[in-house]
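First chain A sits with chain B, and in the next complex the same chain sits with chain C.
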Partner chain A sequence: MGDMIRRYGPGLTLLVCLLTAFWLVMLVIVPNMTLLESSFRPYLPVTEIGGPRDVYTFTNYLKVFNGDIELSPFGFTFHLPVHVLTFSLTLFYSVVVTLICFALAYPLSYFMAKILSPRSLPTMFLLLFVPLWVSEVLRAFAWWMILALKGPLSWLLMQLHLIDHEVRWIVGYNGVMIGLVYTYVLFMIFPVYNAISSLDSNQIEAAEDLGAPWWRIHLRIVLPHAKPGIASGAVMVFMLSAGSLLVPSILGSTTSQWFTQTVQQWMLDALDWNTAAAYAFLLLMMCTLFVSLVMKIFRVKLSDIAN
Partner chain B sequence: MHKIRQTLARVYAAAFILYMLLPLVIMSAAAFNNTDKIPAIVPWKGVTTKWFAALWADDRMWHAFQNTILVAIAVSVIAVIVGTAAAILINSVSGNLRAALYGTMISTILIPGAVIGISTMIMWTKIGNALDSEFILFNPGLHLSVLGQVSYIAAIVMLLVLARLQSFDQGLEEAALDLGATHAQVMRRILLPHLYPAIGAGAAVSFFQSIENFNVTQFTRGGADTLTIYVFSKVRSGISPTINALAFLLIIVTLAMAILYEIKRRRNASVEAAREAEARRAAVLEEAII
Partner chain C sequence: MSAGIDLENVSCDFGSFRAVDNANVAIRPGEFFSFLGPSGCGKTTILRMISGFIEPTQGTIKIGDKDMKGQRPNQRPTALIFQNLALFPLMPIWENISFGLEVRGVDKATRRAKAQALLEMVDLPGAADKMVSQLSGGQKQRVAIARALAVEPKVMLLDEPLSALDLKLRQHMRAELRAIQKRTGVTFIYITHDQGEALAMSDRVGVMSQGRIQQVADPREIYNNPVNGFVASFVGENNIFAGSVTNASDGMSGFETAHGALRARLGALAKGSNIKLYVRPEHTILSETAAAENSIPVTVSEVSFEGAFISVLSKTASGQTVVAELRNDGSATVPDIGAARFAHFNASHASILPDAATGV
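Up next, the complex of A and B:
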């Protein structure tokens, strides 16, 4: 800090500090503290705010346990609060999306890093960057068209005589999963590619020369080396999926509900900002716990993920 | 065996590219289909440009477009200033303070957009209520979307600028100070010019991130539209192939910019190669003379 004052003088140093403080304090820390504080307050008419009923309570969080629905998977019947179900399904399907993205991205990343000639690499990147730059809402809309009842997918399969009548593809969480994988798989490819391309190809050749089968080379050499990249990709894909509102809203069916949609209903339909804050906080907790878990499993630091 | 695996990998890569691009092609093609109301590619009823005309005549779209550009400009200006300042600060502190600052800044990228939107909205309205003020800043609207978006986009700028700062030679600043430059001159003539490439990249990334943003905007916008919100609400109710026309135009713009970027990169690469060749020739010549 002293060094900074010597270089840029007290005035500019103060300006730099103030700008950073504006960002971290006014745009990050205080809003999140306010969010946490409001989540413990009841939803009251304006006249009663600050009145005797305006006390801290857990009511907003307990709303998660309201409204049981009956479930009977595999013949077992049990009751579960509907928001707990939404929360668990969002968590579950986000993890599944992350796994699918990894399965799709790993072979491609390896191909780009180790097989493709460096001369064609820029073209490959260009082809991958185009869908990345096209906005998320349009990518979800493209799949909305493809999966429509009378859409091109049904049409193609009927022309090929694989199906004999139009199929409703958007059932349950199908549409949401397809959309999320398509939208976010690129966020897995780039970090994994970066990690694999820093691996010395001699190591792979040495393993080949010593007679290791291809799967063991991947298991013992490439995957361990790519660990930070995989962790970073997994965190990005999971956060984006769990936090996505567009894709579940556009590609959701009548029986699919994403937790962000529940948050949105509290905020924009019920206009109960305090409960929305509580639910948003739960979403934040889910994401934070997932990131910590991934960081623990893969033994990486936050700074590795950001790269 | 080795060959078969390589071929398989190539086939897979080609299939993947197809998987990435085909949905965009289908969506764009539907913009030209002469259907009645619902966007579709099958059955094909002939080529038309009427949906582009309909898009051109849509006032709500133009309004949303204007809003999007204004928000994106505001976000990139603020995010670039704040992000650059943060990178300079991070670069000149060390130890626990650096770790804490860096951690806080990075974590903003990982906060879900819905949380950023709701927290921004609640805080500014609360301040408004506490001050008993009707000032526009404290009401829902796109200005809150700008602040919400800046809160994580600034982190992206910070990362880009910080990476560029690693290659900065602080000796240059020392030299300038010794030669009698003022502090402002050191910043403006020495440090910032070195950072310009990163600042430019940061501005471009911020602009695109802002245009794409949905979650933060959805919770803070009040009643205003941006393009993303406009497309979203059209898809949910009142879909028509005008959206495909818009999608087609946006994809063309993206493609054009990607190709321009690629051409520029190739030109730079060939200039570099020419320089290297010249250097080699010079070296050979030198050797020959000696």
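Up next, the complex of A and C:
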């Protein structure tokens, strides 16, 4: 602090500190604390707020266990609360999105970092960035049109005689998967690219010289080196996917439901902000828990990701 | 165990740049062979062609009489030691060393035992479970050698592996490398720009310049009988006199220069123009009286004390510098600066050589 004052003068230092404090307190801590506080209070008519029934309770959180439905996948029949099912499916499909993103990003990152000539790299980055210049809503709608029953994808495949009648692509979670992968794959590509490009190419050559086939070079040299980058990419894609509302709303089908949509329904349809807040915190906590668990299993430290 | 390497008319182009031009050399099995040359002379390209990372544009590379065309580095019986060593920092030392065996499907216990044996051979018995970052420069060097030896290569390729070490360690590792080569009997191909390293370690040396191999011979021959001016100048120092050949006979020739008529051995390739006379400073003698032949009047201009020898710089009437080296054993008297002397040399110690590369 003393160093900052000496370097920038008291005026500028005070301004920077105040701005940081404003951002931290007003934009992060206060809204979240308000939401957290309201998540423990019941949803009451305005006249009763502050009255004898306005007490702190876990009821909002426990609502997630209401509304049993019967499921019978693969012949096993069991009962599950509907919101727990939505939550589990959200986690499951977010993991799938993360895996697909990794499968797409790893070869591309390796290609960009080790094979592509440095002269073509700016063009490649530009090509990757162009879709980001378009708003997420428009991108989701573009996919909605592409995947429509009589949309361009069906038409193209019909022309190529790969299919003989139009296909409804947005079924179940298909549309959501495609939309999420398209939206978030860049968040995987860049950390993985950064990690791989910091690998000394001599190590790849040394491994090849010692007789290693390409897959073993990746398994033993490139992947371990890129692990922190992969971890940070995976955490970002997973968290963003699980927390995405726009893509599941636009590209969802009649049989898909994302947990964020449930939160939105509590918020806007039921107008029960208290329960919505409780659900939002449930999502945040469970995702954080899940990510920590996975990081533990793969022996990734938080400090690795920060690098 | 070891294999010879034959380069037959090997050339390598990078775009319009010819990095290696028609290289022909037969490296014998079990030999310690060095490619010596300045940076950019094509020596590393030759090494990368032998190891398989670059395909020659023309010509054939044979290892143990087998044509290596189309063979990837992981299919060749060579092991390369990189300039920066390229050890794997995320593996412990023993896994580094046994990586080549892991690739070949050797079980873990055997791998571990082999790594231990190799570590003992390179004098690092306790390092098996350490990480690369815990070792010093010289120790990493040894691990790199052990890792390359683990796959029992027929040919070891070394790309200036000692250049990052300090002087004392480098001299120690020279001897060590030489000893390991003798013990294992593997053919070593060593790349260096350091003439001292090449001369001290090698059985034979190939001197390269501008993509061409200038001369292949044992170290003494390279130093004492260089084939051209490049080899003579790159390996050691010279006093050089321009002039023209007059009456040549029996391998000796008169040489007409601005400093009068000289006489020296006539190099086999010394034909046409651009030929000069080369004589080493240690063969150049300064005396107060003129000698019978090869005697040039000079004035002493500078004395530089180098430790084992004293180098005396003097100038001829036309201002050319002539260097003479005196051994610091008390036998020679060091002349004063400004003293008039005669620089002379024995005709059999001087050679008349062409300037540029004519190839071998």
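The rule is simple: the second predicted complex is superposed on the first by the 283 of 307 C-alpha atoms of A that agree within 3 Å, B and C clash if a C-alpha of one lies under 4 Å from a C-alpha of the other, contacts with A are read in each partner's own complex, and residues count from 1 in each chain.
Keep this in mind: a residue touches a chain if its C-beta (ideal position, glycine included) is under 8 Å from a C-beta of that chain, and two chains touch if they have at least 3 such contacts.
Model, not experiment: these values are computed from the prediction.
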{"item": "Chain A as common anchor, with chain B and chain C clashing or fitting", "value": "fit"}
{"item": "Contacts of A:L116 with chain B and chain C, given as first, second, both or neither", "value": "first"}
{"item": "Partner chain in contact with A:L138 - chain B first, chain C second, else both or neither", "value": "first"}
{"item": "Partner chain(s) touched by A:I69 [first = chain B, second = chain C, both, neither]", "value": "neither"}
{"item": "Contacts of A:S249 with chain B and chain C, given as first, second, both or neither", "value": "first"}
{"item": "First (chain B), second (chain C), both or neither touched by A:T260", "value": "first"}
{"item": "Chain B or chain C, by number of chain A residues touched", "value": "B"}
{"item": "Chain A-centred angle between chain C and chain B, computed on Cα centres after superposition, in steps of 10 °", "value": "80"}
{"item": "Chain B versus chain C as contact partner of A:M285, first or second or both or neither", "value": "neither"}
{"item": "Partner chain in contact with A:L108 - chain B first, chain C second, else both or neither", "value": "first"}
{"item": "Smallest separation in angstrom, by C-alpha atoms, between chain B and chain C in the superposition", "value": "7"}
{"item": "Interface residues, chain C side, partner chain A - complex", "value": "51-53, 72-75, 78-80, 82, 84, 86-88, 90-91, 99-100, 102-104, 147-148, 151"}
{"item": "Residues of chain B defined as touching chain A within the complex", "value": "5-6, 9-10, 12-13, 16-17, 19-21, 23-24, 26-27, 30, 39-42, 81-82, 85-86, 88-89, 92-93, 101-116, 118-123, 126, 147-148, 150-151, 154, 159, 170, 173, 177, 182-184, 186-187, 191, 208, 211-212, 214-215, 218-219, 227-228, 231-232, 235-236, 243, 247, 250-251, 254-255, 257-259, 262, 265"}
{"item": "Complex contacts: residues of chain A adjacent to chain B", "value": "1, 3-4, 6-9, 11-12, 15-17, 19-20, 22-24, 27-32, 34-35, 38, 104, 107-108, 110-112, 115-116, 122-124, 126-131, 133-146, 148, 150-152, 155, 182, 186, 214, 235, 239, 242-246, 249-250, 260, 263-264, 267-268, 273, 276-277, 280-281, 283-284, 287, 291, 302-303, 305-306"}
{"item": "Contact footprint of chain C on chain A as seen in their complex", "value": "200, 202-203, 205-213, 216, 220-221, 224-225"}
